[in-house]
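Every chain is named by a letter (A, B, C and D) in the order it is written, and numbering of its residues begins at 1.
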Amino acid sequence: MANLKGHILPGSFFILFGLWWSVKYSIKHISRTSKKNGHVQWNFKQVEVIEGAVKVGFTLIGILAEQFVPDGPHLYLYSGQPRSWVKLMNWQHSTMYLFFLISGAADIVTYSSTLMPVGLDRFMLGIALFVEGFLFQYHTSHRPMLDQHIHSMLLMAIFAGVASSFVQVFVHDNLILDLFAVSLALLQGTWFWQIGFVLYPPWGGPEWDLNDHSNTMFITMCFCWHYALAILITAMNYFLVHCYFKNYKRSNRQIGIGLSLRKQKNAHDPLLNESDEE
Amino acid sequence: MANLKGHILPGSFFILFGLWWSVKYSIKHISRTSKKNGHVQWNFKQVEVIEGAVKVGFTLIGILAEQFVPDGPHLYLYSGQPRSWVKLMNWQHSTMYLFFLISGAADIVTYSSTLMPVGLDRFMLGIALFVEGFLFQYHTSHRPMLDQHIHSMLLMAIFAGVASSFVQVFVHDNLILDLFAVSLALLQGTWFWQIGFVLYPPWGGPEWDLNDHSNTMFITMCFCWHYALAILITAMNYFLVHCYFKNYKRSNRQIGIGLSLRKQKNAHDPLLNESDEE
Amino acid sequence: MANLKGHILPGSFFILFGLWWSVKYSIKHISRTSKKNGHVQWNFKQVEVIEGAVKVGFTLIGILAEQFVPDGPHLYLYSGQPRSWVKLMNWQHSTMYLFFLISGAADIVTYSSTLMPVGLDRFMLGIALFVEGFLFQYHTSHRPMLDQHIHSMLLMAIFAGVASSFVQVFVHDNLILDLFAVSLALLQGTWFWQIGFVLYPPWGGPEWDLNDHSNTMFITMCFCWHYALAILITAMNYFLVHCYFKNYKRSNRQIGIGLSLRKQKNAHDPLLNESDEE
Amino acid sequence: MANLKGHILPGSFFILFGLWWSVKYSIKHISRTSKKNGHVQWNFKQVEVIEGAVKVGFTLIGILAEQFVPDGPHLYLYSGQPRSWVKLMNWQHSTMYLFFLISGAADIVTYSSTLMPVGLDRFMLGIALFVEGFLFQYHTSHRPMLDQHIHSMLLMAIFAGVASSFVQVFVHDNLILDLFAVSLALLQGTWFWQIGFVLYPPWGGPEWDLNDHSNTMFITMCFCWHYALAILITAMNYFLVHCYFKNYKRSNRQIGIGLSLRKQKNAHDPLLNESDEE
């Protein structure tokens, strides 16, 4: 997928998940704080299971697409005489999707049963991000300076995500850590877009000189701007959710956020069991 | 042991221990969870001591084999005029075995007395894995690209094991951490096999081109597949143990797992003391 | 700002903040210890908000100065035919200031409302320091040996600051950690001065031979001396604050430190709420 | 001090301190465990203060010796026309001693007053070890392969010591961590000896070929043997102290270990205050 679309697509997924997580974690934290003050509770277990199912669905489509596009490997791993590998790039992308699929499955298992403790979902997300970064690392050797540089920034966003996920395995419900993970997902998403626009400029724009030192300097700085933007979006969403809840509390009327956010009614609520386990 | 057998053998040991640990940690966790619900308890101290003794036995055999095979060093470190080192490879393998022997001894000391706190066994396993990785690191310089690359993957599995062991010194009884360590043992085992099959293809198969870039790319991806397999095996074993215990609870009859898993009968049981200490 | 003034200025800011923090954390810790013994309490919330506002003010001035000095970019990012980047150095400095501005804003939000938990201020300071170090890292490639070496020492001070800030997100009110952060701020400040005096010797002194190995060796050692000095200053300030409070306790009279340190009067004091949250 | 004596001397100091610490931490842990069972307590505060004073004394002698030996710098930093640095090697060693002196002073402050919390002593030891490693790192570039390699092993022992010291700042009274620090001190000591004997073989022995690959392989393995030895010595000392206390408890008679180990008599004992603070 060495083209603009091949960078826009994964970038959009990360941005979408980043936006959704910024809302989810904000609601989680605010409803947790309200709990102390004796207010309503939300049930997130079903939401998490649905999120896991969506991840499984998307990645399954991704794997099938990578395998069965016209110029895909069609599940052949090697062929020819002398034998050579078939479309390793597509196989690598399939492998990345596979681990995000496992991560989605872990979400479902963690939140739909008491089989595994909370934290497994974060651990598997960390593993999936690690595999993504690990495979990218051997992607860009022997390419021009700027190409390597711009991908090394991506690796930083990915491995920072790995680190934050692994810390989350042990530290639950830390708002700062959760919002950090959110901002890294947004950063990774917008940076995928940036890579696409730099390496495959659309609208017939002028090509970037991939060996110019000042371009490298600009890209380094640009990465910081992307992160400032990611922080801004995360902060905005948190603030909007906060205001919404404040208004809701004042008017004290029921809301229907849709999905399966329901008021907590009794002591057998799974969320309570969850908190007991922690 | 630069041949197929020399990679199959250590690989098999790691796979065996990985499988055994996946069962052990699953039983441990499930019996711990049952405890809260007022069910039976298992005594793992004797099992751990036996495990330590088995490790000491295996490694002792390993050291003796490395020293006294026909082309071994027979405990000579240097000889000849001018003096030169005798069979450094065998000495290095003996050294690795020595540290796993110390790890086994630490298991015995930790679980057969109250001399040392729990955690020493994990610490010494971490040291043993570190020494293994440390000695491997200087093994493969000046070799072809693919040979170095495939061994660097092994180092990743080893040092991830070191990290998880050191965290386990401080964090006891964390299921995710324990199963992570299990999956890394399985990964190391199957990857030893993979190295053997790549570098010394059996059945007169075609040799791998050790300087082909696409081979390197495939091996990188293959390492991820091995880890997906390790996760699958760990999850399967955990699930099987879970089902077994569920059935057992339902029928409420005594089971004899063999070994020395015995019902916990009184408050003076060492396992209780152990949990008190933590 | 590749001149003496361009290194003296940021250095002075870090020294100023380091000195201020050494006083602030000393008072915080000593009043915390006194609390146990049933003595007076100080309210630091307003002080922290003022500190944040000062940071926002300074960095805003910094950004404007970098943009609108006579040879600055005046907010133009690229120009000319063929297009080229305008004054990337100034843009990079503006970016650094921007993140310290965000850090100042985070201070204000953290301490003036209950919107975000304590720790956000340290986290954002860590991010700001990381961005500073990240941009510096690509600053000095292709320069003479000593220039690179002296900047790599600066990076060590910066990244040690990043690490200590991130640990502070999880570990609050640890005196050793707080004073470590203080000493790193002082180190960074005095080292900025050292860089200035080495690369742009004032008073027409002899130039340093930037490729002489013994100069590199001296600079390495000199960095350690700077840190010894930073430890000394931190220890001195802590000791002076300690003595001041001891005298104060003995005479048992009210003091007016100025700023907004006020005696804690009632249970609704925000500082109490803060400690409850932790 | 590029001779045999210059490596034997610091090595001996680390071995001495390692042996002493192995006894100190063993007594500390065993008396802590006995406390729970209602037995005697020892007062370690005075011992720690004396240890700090000894460190200050030794390092002061070290600094003076490095400065005022016949071919030392006699406190001159630069001289000559054109100006050049005077005896940088001696200045570097003085700097290392200076930080161990600060560490000794921190020991005294930590244990003789309540000014600073426990943990400062470990933190400053970590800083001192870091400075030692930091200065060594730029010591051996441009030297033969084996010389660099054997010093890089030393750096591993030093930086592992830094890491364990920094963890000890947060984790007090963890026996495994304490004994790990002990074993690293012993390792550093014996490895200093090994470096001396390899680079400056005494008794007119044959010189080592510093560019022979098999020598490098042997030294790597030899480092592991040194660590096995360090583990053995640590375990032996712990076991001997354990046996001594067991006998003591059985006979229930007073012992006079000398130094200032005294029975804890009353609630105002500083050791109690210390445990309260933690």
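As a working rule, a contact is a pair of C-beta atoms (placed from the backbone, for glycine too) under 8 Å apart; a residue touches a chain by one contact, two chains touch by 3 or more.
Chain identities (UniProt): A, B, C, D = Transmembrane protein 45B.
Bear in mind that the values here come from a model prediction, so they are computed numbers and not experimental data.
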item	value
Copies chain B and chain A - interface residue numbers shared by over half, same or different	different
Remotest chain, chain A as reference, centres from CA atoms	D
Approximate Å spacing (C-alpha centroids) for the pair chain A, chain C	32
Centroid spacing, where centroids are CA-atom means, of chain B and chain C in whole angstrom	46
Multi-partner residues of chain B (at least 2 other chains)	none
Contact graph of the chains (line, ring, star, complete, other)	ring
Contact pairs between chains, per stated definition	A-B, A-C, B-D, C-D
Touching residues (chain side chain C, partner chain A) in the complex	82-85, 88, 91-92, 95, 98-99, 102, 115-117, 119-120, 123, 127, 131, 134-135, 138, 169-170
Of chain C, residues touching chain D in the complex	171, 174-177, 180, 206, 214-218, 220-221, 224-225, 227-228, 231, 239, 242
